[in-house]
Amino acid sequence: MDAIFTLDNIRYDYANTAQPALRDVSMSILRGQRVAIMGANGSGKSTLLRILDGLYFPKSGTVTAFGEPLDEHHLMEDAYAHAFRRRVAFVFQNPDVQLFNPTVYDEVAFGPLQMRWDKQKIARAVADTLDMLEITHLRDRAPHRLSGGEKKRVAIASVLILDPEVILLDEPTAALDPKSQSMVVDFLVGWANSGKTIVTATHDLDTVPDIADDAYIFQHGAIVAHDTPANLLRNHELLLAANLVHAHHHHHDGVPHSHPHFHLGHAHEHSSGI
Amino acid sequence: MGGEAHHGKRRGNFIQRTIDALAETLERSLYAEQLAEGGGLLQRLDPRVKLVAMLGFIICAAASRNLPVVVAIAVVALGLALVSRIPFRSLMPVWIGMFIFSGLIAGPAIFLTPGPSLATVPWLGWQVSSYGVRSATLLILRSEVSITFSVILVMTTPWIQVMKAMRVVGVPTTVVVILGMTYRYIFLMLQSASDMFEARQSRVIGKLSNADARRLASATVGVLLSKSFQLSNDVYLAMQSRGFRGEVYTLDEFRLGRNDYIAIPIALVIIVSGIWFGYV
Amino acid sequence: MHIPDGYLSPSTCAAMFAASTPFWYVASARIKKTLSMRMVPLLSVFAAFSFIIMMFNLPLPGGTTGHATGAALAAIVLGPWAAVISVSIALIIQAVFFGDGGILAIGANCFTIAIVGVFVAHYTNRIVAGNSAVDSSRRVIAAGIAGYLSINAAAFATAVLFGIQPMYFTDSNGAPLYAPYPLDIAIPAMMIGHIGIAGFAELIVTAGVIGYLQKNDISLLSIAQTGVPAAANAAVASGWQGARRMWLVIATLLVLTPLGLIAAGTAWGEWGAEELVALDGGQTITAAPTGLLQYAAIWEAPVPDYAVSFLSSEQLGYILSGVMGVGLIIFTMLVSTYIAARFTRRNEHSNP
């Protein structure tokens, strides 16, 4: 298996905070791999995804994507940018950011239009994608008339239409009702043998074994653990230290004790929703 | 003493009024979208044809120097509203609102405009000028007719289609795309402003002082502005992620149908003759 | 206020589109250069924002309410060019979808609010704020004054548009076809409401929001400078060269306008409120309500009755007064740009 992304000693700083958003991050993501990036809010998960998508560029260190350096300069070239954007898709945590078009149809057609596909091909692809995600009836709907689950479906449709090789998902189950959460997890599970590379940033630990074969835990912008999901989830002390679970203190028959408590994902990171 | 009944519908404090206004805007667009799906005559026409025709009618009304032609155009407007099944009750408030607005402005012109005297107001001794009456009537009628056409357009056409159709009258594609995104984010912000006010409303006991209301409004606008900037940055990333490189491309989905080929000559005849007869 | 359709003649509407177009053109060229790819999302979101603030009805001192146009706020936060476009877009949406302002009058409304209003706010703010710190209270005061003057300038421009209608657009008998009041009624009637009420709504929103941002999100107050760095620096440095081409276009328009107006010809003549009561022998001229007479008395134009006394033709006098007025505005703008540029330069030298 060849590496799709190779990160070497990445550091990223935000302008107005002293603490780096990411430091000393080195990792490689292989073709067809399903990777989970776990971490509490502010651990740097979203920043990492944005670096993988060529939206942010590290202050130091190198990113290699598909065997070529991924940097600001390279992405200025039209041909490279188009090829890269087609191959790598990003599903943002906040659907109000992801859905910027006035109708569902325009939203799904946006990517292909930027790729300068011809009109017939776009029309066919949009129809197929809407059909695949069972949202054909929402075709002319405005985003503010969609439920949370519907917005997520449209967001997924809007990136799937380009048939990307890599899909980056930022907290895909956050702020969704249970039914929509399981819909998203079903998609992620369904992509298991599709050959697509899936990188999911999440703190919804329950779903991790189903959606990933490989997992990282981030804390304060650095990798603190890298193992299979099963092994990581067994290590309660590690999860506790990374703020992915918190201890509940109880008294049972007058004997105080504590045990880790799993938190289902409903927190918001990088949420700019209005 | 807050919230006296005699203030009517608009009673309540500043927060309540603002929430009402925001909610009303949301409802109006929803209502227009439902009507746009209704099976009236205009709903079956291409948005470009409708846009250009309505614009033509409005120009006709504006250009006409003679009252009977403006009246004839008003009849066209009423006829179109009727065959498009736009309920009377949704046009009535528009007409009344415009009548009050234009009436207040045009009213004094009845006395102020120089011209042959028609009558004298008892006691006050003001002369009613026939030119003044004509001018006021023209002004009110024109403004009513114009707004009726634009209401007909936006009530029979999904709003986003109206925006896309604007390209035929020379609005640049980039502006059309910006209009579409603006429209999309207006609703997000309406919701957000309304949530902020409601959250505040639930904590207010009694009447908010005017000074507090102004502070609250400033703070809400400030929060919206901060969020807008953050939002625009994130939307920019989302657009880039899907291949946006600064140039906008749109789909041209409109296609003229049989109804359009019938409608175009009819509209053309009405507009051209309206302008012709209006000028003489 | 937003001008509805029916108040302005089609030719005035067309002229206002023509007058707005160079500003839109320069604005989009500048924004494209400075914001490049960010332009579309930034303008869209801020146009949505401008639309929303036009909906806030504020309680004002004295028991009335008013709403702000947001033009001044946009000018201060986004810089004038981005403000021109986003306020224009908000006005277009208001006109087309909410019937607030006419369709044919879009050009006129954009010119008065999104161009005159925005630039008056921009220059006022720049002059009053000077080089004070971004978090100083002088900035809040500057914003308030900019808001107040901005909406009043827009109202004045609107009143002038109304006021010239009966001069040029009448039927064969001389009855006005569009807005019926001449300048000496339209201007005071329009300005009283704006000087007294609406100006304060704009003042409160503009100053209030700038004050709020100083405390809570001060980074936003440097978008116009830092977010668009090239624009802010270039605007001062190239204030003369960059804008010169546009002033040339305006100057040409100014020269052509009087010619067009004279060609349009047959104005019914001058009739101020005083003349209406001066009943002539035929008793055909009606009396004016005394209230309006009072309004008219409040407004004392620097050039009496808009007519330059040594000119025999009053119509020509009007035209010259108008040209002088616009020339005065342009002159003030240029002088203020020059002063602002010198101020900045001197400060840069003194603080190396």
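Read from first to last, the chains carry the letters A, B and C; within each, the first residue is number 1.
One rule holds for everything that comes next: contacts are C-beta pairs under 8 Å (C-beta built on N, C-alpha and C of every residue); 3 or more make two chains touch, one makes a residue touch a chain.
The model shown is predicted, which means the values in this text are computed figures rather than measured ones.
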> Taking mean CA positions as centres, which chain lies farthest from subunit C?
Replying inline: A
>> Closest chain to the overall C-alpha centroid, by per-chain C-alpha centroid: which is it?
In response: B
> Per the centroid of Cα atoms for each chain, what is the distance between subunit B and subunit C, given in Å?
Replying inline: 22
> Whole-Å distance, subunit A centre to subunit C centre, using C-alpha means?
Replying inline: 48
> subunit A to subunit B: how many Å between their CA centres?
Replying inline: 42
> Which residues of subunit A are in contact with two or more other chains?
Replying inline: 100
>> Give me the residue numbers in subunit B that touch at least two other chains, ranges are fine.
In response: 180-181, 183-185, 188-189, 224, 228, 231, 233, 235, 239-240, 244-245
>> For subunit C, give me the residues that contact two or more of the other chains.
In response: 41, 44
>> Taking the touch rule as given, give the residues of subunit A at its contact with subunit B in the complex, in rising order.
In response: 50, 53, 55, 78, 81-82, 85-86, 89-90, 92, 94, 96-103, 106, 109-111, 113-116, 119, 122-123, 140, 142-145, 158-159, 162, 270, 272-274
>> Going by the contact rule set out above, which residues of subunit B touch subunit A in the complex?
In response: 30, 33, 158, 160, 163, 180-181, 183-185, 187-189, 191-192, 224, 227-228, 230-231, 233-235, 237-245, 249-252
>> So in the complex, the part of subunit B that touches subunit C is made up of which residues?
In response: 14, 17-18, 21-22, 25, 28-29, 32, 54-55, 58-59, 61-63, 65-66, 94, 98, 101-102, 105-106, 108-109, 111-117, 124-132, 134-136, 138-147, 150-151, 153-154, 159, 162, 174-175, 177-186, 188-190, 193, 210, 213-215, 217-226, 228-229, 231-233, 235-236, 239-240, 244-246, 248
> How about subunit C: which of its residues touch subunit B in the complex?
Replying inline: 4-10, 13, 28, 36-49, 51-53, 55-61, 65, 73, 77, 85, 89-90, 92-93, 95-99, 102-104, 171, 173-181, 185, 204-205, 208-209, 211-213, 216-217, 220, 223, 268, 271, 273, 276, 283-289, 292
